[in-house]
Structures are given as C-alpha cells and as structure tokens.
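Chains here go by letter, A, B, C and D, matching the order in which they are written, and residues are numbered from 1 within each.
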Amino acid sequence: MTVRIQTADFDAGAEIAALRAGNPKIGAVASFVGLVRDVNEGERVSQMTLEHYPGMTEKAIEEIVAEARTRWDICDALVVHRVGALKPGDQIVLVAVAGAHRGDAFAACQFVMDYLKTRAPFWKKEHTGEGARWVEARASDEIAAGRWRSKG
Amino acid sequence: MTVRIQTADFDAGAEIAALRAGNPKIGAVASFVGLVRDVNEGERVSQMTLEHYPGMTEKAIEEIVAEARTRWDICDALVVHRVGALKPGDQIVLVAVAGAHRGDAFAACQFVMDYLKTRAPFWKKEHTGEGARWVEARASDEIAAGRWRSKG
Amino acid sequence: MVTVLYFARLREALGTGREQIELPPGVRDLDALRALLASRGGAWARELAPASTVRGAVNEAMARGDTRVADGDEVAFFPPVTGG
Amino acid sequence: MVTVLYFARLREALGTGREQIELPPGVRDLDALRALLASRGGAWARELAPASTVRGAVNEAMARGDTRVADGDEVAFFPPVTGG
C-alpha cells in the first residue's frame, strides 16, 4: 500500500504502471483522478488551496485502504493526494486499486474515494471573483460514503 | 467519444490527460486497465492472442458508450482495446470516462467494461504448456452485465 | 450472395474465415442460414447445431435467429465473446 | 499540557493554528475541552458552540465528544472535511 501527500503533480500512467509492476497475478487496475473544476456551485473558480492535517492524513487514508482490503480481494492500492495551491484543470487526487479481477478493483477504488471524501482531513479553499471561501462539506458525499455501511 | 482497436500498447496516463484536456467542467475521471494474467483457471499462460471482428468491434463499443451516455451524466469516454499477440503483464484494454462528478464517471466506466466483456466481438486464445486453447465465456461476466438491466 | 464470416474457435474448427454463398429460396433469416450450413455435415453440423452456443451477427450488429438475412448482407458466426 | 490544533476555516476564524494548554481538573474528554475553549467567548464561543459542525481528533484519530483527553495528547478541531 502506498499513500503520498504532495504538492507536486503526478503521472497517473506511471503510478498505475508502478502499482502493478512485478505482480503477474494482477488482471485489473481501477483508478480515479479528481480534478479542479473551473466552476463550483455556480461561481467561477480561479484557484484552489488545499490544506491538510499532516500525520493524521496519512493515517486516515491508510485505515481506509486497510478497511477496503478486509472487504474485497485486492492485491495493492495507491493513493496520491495533492495539497497547496491548485488551478482549474489540475489533478487533485489519484486512487488506484489493483486486483486479480475487475469487480473487486472497481468496488474498492470507489469505496476508498467515497471514504476519503468524508474521513480524510483535507479542506479546500476556493478563490473566486467574490474572494476566497472554504468549500462546505456536501451532504451527497456523506450519502455516498454511507452506502457502503449496508453493503459488501 | 474515442474508440480505438490497435496492436500497439497504450499509455494510460497520456490517454487520460488527452481525454480531459480543454474541458474544465471535468472533475472526475474513472478508468480501468485490464491486463494479461500469467495464470487462468489454474494453468500457466505464456502468451495470448486476441482476435476481433474489424468493423463490428468499433460499432459495438460505440453503441455501449452511447448507451452509457443515456444513463449517466458524463462528458466524454475513451476505449482502447488491443488485439494480436500479448504476454502476461501486458495491457489489454483501457476504459476511461470523464464527468463532472465521480459517481457518474465510476458507474459509466464499470458499465462499459461489463458490457464490453459480453457484447464486443473479441476472442482470447491462451497459449499454455498444454498447447493453445480458446478462452471460454464466463458466466460471471454475463451476471456482471445483467446487473445493469435492473439499475441505472 | 451473402458474405459469411467465422471467427475464433469456429473459424479454426470449420477451416475457413470467410465465404460467399448464394441464398437458396426459403433461406430468409439467420436460423435458416445456420441450418443450411449445418447440413454440410461434419464440423459444420457439430459447430452450428441448434444446441451449440454459437452467436450470430448480421451487418455487424448482434442478431437473433429470426433476424432477416438478404442478398448483399454480411453475416458472421462466432463463439460467445471473451475480450476485455 | 495538551497540544491543540485548528485547521481551515476554524484556524482562520480563531486566528491561530496551534496552542498548548494546561488541562484544568475535570476536563477529561473532548466535549469538556471544547466547552473550555468556547468559554473564551467571541469567535471561540461561536465556532466551538455545541450546535456547530466542528469535528475533533485525538492523537490523529477521529474522535467523539466522549473520547478521553489527557496530558501529552494532541487534539485537533476542524470543519467537516472536503478533500478528494
């Protein structure tokens, strides 16, 4: 399992290649890239700043991935999350899950993203024409994470 | 929408980057890479040959992606599928779906993979120590595709 | 004339990937064409038997037994697909 | 002494990201520490009110109101998370 918090951008293809390298049992890699959008809740976003809680962030994500491993048969997982100043179109997060079969890889990848959205200590601040504002937590993210409590 | 059938390998990171380039409405890219495993049903696989039905393959995949677009709110989708001779560890297929939000991108990506497995005219021949054999269709793939009939 | 294509295991078992055949009167759908080919006997009878898992396409679209087949069409027979 | 950290909107509203405080007798869980800090009034009272959506962690793990807090712990308060 790899968890990295960094200001630098990442190369999703190289990360996926490294994740599966040397394990010929892997038949499936499901992945997700989250990106900065130029509009949020109707307002144009020119920049975003991501703050996090160093130390706790890594632990929280490791626990999420460990939980995914108890639920699905997966070989390995990777989470890269950026912090600091980002612009529209920039990559924010990469979650990649490798497994023998696609069903487990897809489910675990989506689970990690849903839990990361509600359990990992990151906070987004958007800079718009109106000034800067902290992004409010979305009820839809709690609902997405809650779905997994009755499943799998 | 892009559908490509090719013998050459692909760079998942570059493909994902091209898919989302120039559209700042995209906040989520869900993707899947399928790989050749070195063992299938207990037998060691040394090589694989992928045959397809040129012309129909592209049409079938385009229809699958069009169906996904009617079901989920997505911005764009890409399918790259290799044919010809492949070895364990080689990439077989890439499905990437870009959307504003992750729920739709994940669902559409998994739907396209499940339908591709049961509707697109590709056939795998595995070369093992016992000789070559055509891979049999798996009931689990029909079940995975069937799930979407009662959903979404 | 219709063009008939065979793929994968079927292509190997029948020893051909493509042929052109004249549709006899009365052969107007995929099931009828399949029965005509099966009547050749041997591998044809075995591979294209009604109980086999063979699939068919007409003009590059998945087809059913009652899908119409007419002069100029491209028909294909193949095993269940296994890509991805 | 416990170390108390504040993040994001809370850090800005309170004007500090980190402080060290001596736990008075009787302050033994997260709710009690939060009430102690809220008793400072002003932004502290507003941001750490029982009705606010503030979340807490003890020693880098998500905590509840009744999670024990003791000398040497690292406590954090922050808004609901919005990463990913």
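Assume a contact is a pair of C-beta atoms (placed from the backbone, for glycine too) under 8 Å apart; a residue touches a chain by one contact, two chains touch by 3 or more.
All figures in this text were calculated on a predicted structure; none of them were measured in a lab.
The minimal number of chain-to-chain contact steps leading from chain B to chain C is 1.
Under the contact definition, chain A and chain D share no contacting chain. Farthest chain from chain A, judged by C-alpha centroids: C.
Averaging C-alpha coordinates per chain places the centre of chain A 48 Å away from that of chain C. Taking each chain's centre as the mean of its C-alpha atoms, chain A lies 22 Å from chain B. In whole angstrom, the spacing between the mean C-alpha positions of chain C and chain D is 72. Within chain B, the positions touching two or more other chains are listed as 34, 113. Across the assembly, chains come into contact as A-B, A-D, B-C. Taken together, the chain A residues at the contact with chain B in this complex read 11-17, 20, 24-39, 88-89, 100, 102-103, 105-106, 109-110, 113, 144.
Within the complex formed with chain B, the residues of chain C that make contact are 5, 7-9, 11, 53, 57, 60-62, 76, 78-84.
Only residues 34, 50-53, 55-56, 59-60, 81, 92-93, 113, 116-125, 134-138 of chain B touch chain C when the two sit together in their complex.
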